[in-house]
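After this come two complexes, each holding chain A, first together with chain B and then together with chain C.
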Partner chain A sequence: MPFLAAVLNTMGLVFLTHAIYSTHEHHSLTASSPYKTSTTAIPSFPSIPLDILIELLASTLALLTGIVLSSPALKPIQWSTWSSSLSRSGRKSEGKYTKENIEVLGEGDPFQFLGLDSVREGEGRRGFWDGRGARGEYVGWVKAGGKA
Partner chain B sequence: MTEEERQLAINPIVQSSVQHNTQVISNIRNLTASLFGVAAGTLGLESYPGFIFYLLGTLIVSVLLFMFRAEGQPSKYFHRPMSDLWLGEVFGGLSGFVLTWTLFYGLVRA
Partner chain C sequence: MSQPNLLTPPAHISPQSALHLSQKAPLILSKPPTSSLPWPLSLLSSSESPETWTTYENLFYTCLQTGDDASARQILSFFSNRFSETNERVIVLRGLYEELQARNKVELEAVLKKYNQLISEDPTRFLVRKRKVAVLKSLEEMEEAIGECVRLVEESPTDVEGWAELGELYKSQNLFPQAIYCLEEVLLSCPNSWGAHATLATLHHLSSSSAPTPSIPSLTLSLRHFCRSIELNDSYLRGFYGLKVLSSELIPLLQNYNPSSRRNQHNDEEDVAPPKLETVKKLEELATGKLGEIVRRYGAGDNGWTGYEESEIAAARKLLDKEGKVVR
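And now, the complex of A and B:
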C-alpha cells in the first residue's frame, strides 16, 4: 500500500505539472491568435482542450488517492477496541523507548533549545512501565528453562 | 445525566485517538484543498463554479477517507461520523483553496 501511494503521488504530480504547463502554453498561444476557437455559452466554462482537461482531472484524482493512502492509519476511539488492539499488537508500536522498554513521552525540558543548561541530562518524561509485557517476558524465560 | 453522558460512561472513548484522528483528517483536508485550488485555477473556474468544484472535491475526499481510512466503519474512528468525517474541516480548507485558486488562475491565465 505505501508503494502504491508513492507511485500514485509521483505520477499525479508529474501529470498535474504537465497539464498545468499545457494549459499555460495553450492560453499563451490562443490569446494572441485572431481565431478564437472555443467560445462557449457559459463564460466561466473551461475552455481548454479535452485531453488537457482529462489529464488534469485524472492526475488530481490520482494525487487525492495517493494522499489518502499515504496518510497514517486512524486509531479506534472506543476504549475497548483500542485497548484490545494494543494488547494484541503489543505496546511497542510507535514512539521512542529506553533500553528498559519504557516509553519516552517527551523530552522533559521544553526550553532546552535555549541552551541555558550547560549539561544535557537526556532524561525524558517517562510513560508507564509495561508490567504485563514484562510478566510475559518473565513467563517465557521461566518456560525456557530459567537460564539467563 | 444525559443520554450521551450515560453512553460515554458505559463505552468510554480514548482522547488521544480522537486527537490523532482529527489531526489526520485536518492534514488531508488542507493538502487536498490546496490541490483543488490548483485544479480550479488551471481550469479557469470563476465564482460559484469554483466553489461547487471544491465541494464536489471534498465529497470525493470524504468517500476516499470512508473507504480507505475508516474501512467502512466510521463510528469506530469518529465520535460523530457526520460532523467529523463527512463535514470535518471542510470549511477550514477553504482559505487554502482560495489562495491556490487565485494564484494558479493568475499564473496560468493572465
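And now, the complex of A and C:
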C-alpha cells in the first residue's frame, strides 16, 4: 500500500504540473493570437482544451487518492474503543528516539496520575510517591536473589 | 509487554525494571544537559530537548529506588543549576533525596520538620504539602496524614491527586463511607476515568463485605460503577473481573430477595433500586465471555492483546478456573 501511494503521489504531481504548464502555454498562445473570438470589452477566458482538462482532473484525483492512502491510520473517535485499544495493547512505539536515546512511546492511560489503576495501590501518584516503600521492595528483591 | 521507558514510565516500576532503568544513568549523565558557556552562546550550544527534563526526573526516581545515590545527587545538581534552588519542584526533589537518606525514624522526622518550615514560609507550596502527607504515611502516623490531606483538599478542592490519596488513606483505615466520598470527588473532575469508577465500585463492594450482612444497595451501586467502567473501556480487565465477582455474589441474594419487606426499612440508600435477576445473569455471562477472551488472546500472544499486566491475567485465569471452565 505505501508503494502504491507513493506511485500515485508522484504520478499525480508530475501530471498536475504538466497540465498546469500546458494550460499556461495554451493561454499565452491564444491570448497573443490575432484571431480573437471575443469582440466585447470584457476579456473572456479562452476555454481549456478537453485533453488538458482530463489530465488536470485525473492527476488531481490520483494525487488525492495517494494522499489519503499514505496518511496514517485514523484514531478511534469513540471513547470506549480508544480506551480499550490502550488497555489491550499498552503503549506503542512511535519509532522515534530522543537525544538521550530513549524510545518515544505513544499515548497511554491518561488517568495514570491518579494512581487508581496500578498493580500496587497508589503507584503512579507522583506527588505522594512512596520512595522508602519502593526502595524497600527493591532491597527485598535483591536479597531474594534478584530474580523476576 | 514493552520495555519500561524513562520518558513515560509505567505506574508500577518493578525492581527488575528499576534496575534496568537506573543502569542507563551513567550513559545519560555523562553529558551535562546545559551548556557551560555564558548566556547568549549557551542558547546555541545547549542540548536540551523538551523530553530532557522529564527523562532526568524519571531517572532520578528510579535511581532513588535502586539506591544509586551518586547519580541521584548529580541529577539534583543539574536541576538546581537549571531551575534554581528555590523552584518548588526542585525543593521537592531535594526533599525526596533527603527522605531516602534518612536511616531511622529520627532522621525522617527531621525531614518532616524541614517540610513544616517550608510550608509555614509559604503555605501555597502544595507539592511540599503532598510530600509531608507521604512522609507522615511512611512514619505510619495515619491520623495526622489524613488530617494533613484533608486540609490539602479543603484548600485546593480541584486537586484530584489529593482526593485520590485521601480516599486511599481512608480505605486503609477501613473508613469506607469517607473513602467513597473522596472517590466521588475524583469522579467530579475526571468523570471519564474508568479506573476511578472501578475503584469506587471496589469501595462500595468492600463496604458491603465489611458489614455484618451483605447490603444489596451497596452491591447494586458497586455493580453500576463496574458497568460504567466497562462502558468507558470495553477491554477493561479489572472492570470485567469486578462485574463477574459482583454478579455471582448478587445472584443468590436477589433470588431470596423480597421487595415488599424492603419498604418497611427506611434507609438513606432506599432509593437505590436493585437490578433485575435476569439482568445480573446476563452481565455475568458477558463478563465471563469477555474475561475468557482476554485470557485466551493474551495467552496466545495475539497482536494488540499483550498490554495487560501478567498478574491481572493470572488473577482472571484463577477466577475462571474456579468455575471449572477450562480456558487456554
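In the analysis below, the second predicted complex is superposed on the first by the 77 of 148 C-alpha atoms of A that agree within 3 Å, B and C clash if a C-alpha of one lies under 4 Å from a C-alpha of the other, contacts with A are read in each partner's own complex, and residues count from 1 in each chain.
Here, a residue touches a chain if its C-beta (ideal position, glycine included) is under 8 Å from a C-beta of that chain, and two chains touch if they have at least 3 such contacts.
Note that the structure is predicted; figures quoted are calculated from it, not measured.
Enquirer: Touch check for A:11: first (chain B), second (chain C), both, or neither?
Expert: The answer is neither, since A:11 touches no partner chain.
Enquirer: According to the stated criteria, A:141 is in contact with first (chain B), second (chain C), both, or neither; which is it?
Expert: A:141 contacts chain C only, not chain B.
Enquirer: Looking at A:79, would you say it contacts chain B, chain C, both, or neither? Reply first, second, both or neither.
Expert: both
Enquirer: After the superposition on A, what does A:58 contact: first (chain B), second (chain C), both or neither?
Expert: So A:58 meets neither chain B nor chain C here.
Enquirer: With the two structures laid over each other on chain A, which partner does A:131 touch: chain B (first), chain C (second), both, or neither?
Expert: second
Enquirer: Counting residues of chain A in contact, which comes out ahead: chain B or chain C?
Expert: Larger number of chain A residues touched: C.
Enquirer: According to the stated criteria, A:19 is in contact with first (chain B), second (chain C), both, or neither; which is it?
Expert: Only chain B is touched by A:19; chain C is not.
Enquirer: Applying the document's definition of touch, where does A:47 land relative to chain B and chain C: first, second, both, or neither?
Expert: After superposing on A, A:47 lies in contact with chain B but is clear of chain C.
Enquirer: Which positions of chain A sit in both the chain B and the chain C interface?
Expert: Residues 79-81, which sit in both footprints.
Enquirer: Taking the touch rule as given, give the residues of chain A at its contact with chain C in the complex, in rising order.
Expert: 79-81, 83-93, 98-105, 108-109, 111-135, 137-142, 146, 148
Enquirer: Could you please specify the touching residues of chain B with respect to chain A in the complex?
Expert: Listed in rising order, the residues are 11-14, 16-18, 20-21, 24, 27-28, 31-32, 35-36, 38-39, 42-47, 49, 57, 60-61, 64-65, 68-70, 76-79, 104, 107-109.
Enquirer: Can you name the residues of chain A that touch chain B in the complex?
Expert: Residues in contact with chain B: 16, 19-20, 23-24, 27, 43-48, 53, 56-57, 60-61, 63-65, 67-69, 71-82.
Enquirer: Any idea which chain C residues touch chain A in the complex?
Expert: Residues 1-3, 5-8, 10-16, 18-19, 27-28, 47, 49, 51-52, 55, 61, 64-67, 96, 99-100, 127, 130-131, 133-134, 137-138, 160-162, 164-165, 168, 186, 190, 192-196, 198-199, 231-238, 304-309, 311-312 of chain C touch chain A in their complex.
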